[in-house]
């Protein structure tokens, strides 16, 4: 794990796809949360980050692990609009909930991306059952390491608070 | 080769990227032309078709072989606009000329795609030095077979007319 | 996990490579043990099983997880002799300890392979800190699932007995 | 092509597999010959060289292109005996003819490997229809380039002599 334990900032979003009831981190308390922060025109997100997030979604039980996508547009804003994102999610068969990170009119980075101090995309964030951020990986993390990190958080148990 | 020899229909386009002087098939007479027909949100195009076209562009001499991309939007029109395409080409480091296939107000397929009878994307078209269409591959074609097909057309020689 | 908890049969071996002090399962008590059962001329072992075992060896701390190779020759005995295996391990840069499963003069399968009821190679066996067999995967298991399974055993803790 | 045109040295061999009638380069005159020089315990041969040779064998017509394997043992001689090679060819489903390069009692390299001046394995040699060596690639060559090189030799035509 690459980060000290601290509460995860709330998600600030403008749109949600693949969900009738947009989730919040507070509402997901009790589950491990895996956030895949991406941009639809980021080659590393398309070839590695998102396929890995799909594997996490397919491997772990939804009662233990929630997977969320977060579309953090910090470049090519007009090219990566919610309309384009919706078609992208359809074509790439992404089934887990995906949010659009809320733009900040006064800054280049969208709000959640800035609050998390992300350096770019893809970034994978792990949040424990108590709502604390426990890891944040910019770029590539292996499936073996990620599987181990997720299970370590699962095994802390639902009753544990930090 | 999967098609009988016949003249290749002209390209009907609305935009060009990566070129100051939009090419025409007539102007490319004397060279073998490889056309990669794709959509920017088509997963098979992104993972296989376009990387293969890049390898063709990097492997063969430009005086023998011209590589062109053709953005044939037949679905998700609003999501795959020229603005989005431009960002896509930048992010995916596509350096060869790419055209937008001209939409047809009265039909679902764009004009060049329809004229070539393409069944979908990715489709790879091979045109010989005399301007005749010699092969059209829908879906996957191996690099070994494609390298052989291109060389067969190169070796027909510039003086040959059909 | 695909198997009920039960003590792992002891390893019956004739040779060890990559170790000055041949390990025993009893001696490894307190650690999670990952056994990669393979044959050097088994294509699936070479392309998937052994590279995965190398990743496990490189990813987890040796104080928590011991990785062992077990050469279970049940076909092509003359072709897969210890002399050939030694060269194989050198060429494939396999650094963890590897044993030769003891042949059984009266049966086609070597002794440890038979005791574990393995169906073929590659087979990956997981043994917990208490020396109990907890999983046995014949064929492919994903890195994500394996990483999670190993961590689940690590987190049971050294003091736990079963 | 990386080499000047010159006649290919004859193959000096001790064993042949996958053929009832061991071929000679003279007997293959009129066809393009692709020789994959390998060692069965060479990881790059197993993961890249031999699979590529299989693709060549499956892609081109046998009347135009002959594919031969050549087992050039220059290290681990005892480990890579003909007995081990035979099991290897079976397990890896290699169907084209494979020869064992003749050892030279007075030198470390086997005879054909030395005559061709090979630097190691895998090495891929291309011989034209007239029996002249036209290319020799040590290490990786892309499928696209190889497909083009083979077709260039095919198109020289059976009547052409050099």
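Here the chain labels run A, B, C and D in written order, and each chain numbers its own residues starting at 1.
One rule holds in what follows: a residue touches a chain if its C-beta (ideal position, glycine included) is under 8 Å from a C-beta of that chain, and two chains touch if they have at least 3 such contacts.
Not measured: the values here are computed from a predicted model.
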Chain at maximum distance from chain C, centres defined as averaged CA atoms: B
Selected pair, out of C-D, A-C or A-B, that shares over half of its residue contact pairs with B-D: A-C
Distance from the mean Cα position of chain D to that of chain C, given in whole angstrom: 36
Chain centre separation (chain A, chain D; CA means) in Å: 50
Shared-contact residues (touching 2 or more other chains) in chain C: none
Graph class of chain-chain contacts, one of line, ring, star, complete, other: ring
Touching pairs - complete list by chain label: A-B, A-C, B-D, C-D
Residue numbers on chain A that touch chain C, as the complex places them: 55-56, 59-60, 142-152, 154-155
Touch list for chain D against partner chain C, complex: 41-43, 46-47, 76, 78-81, 83-84, 86-88, 90-92
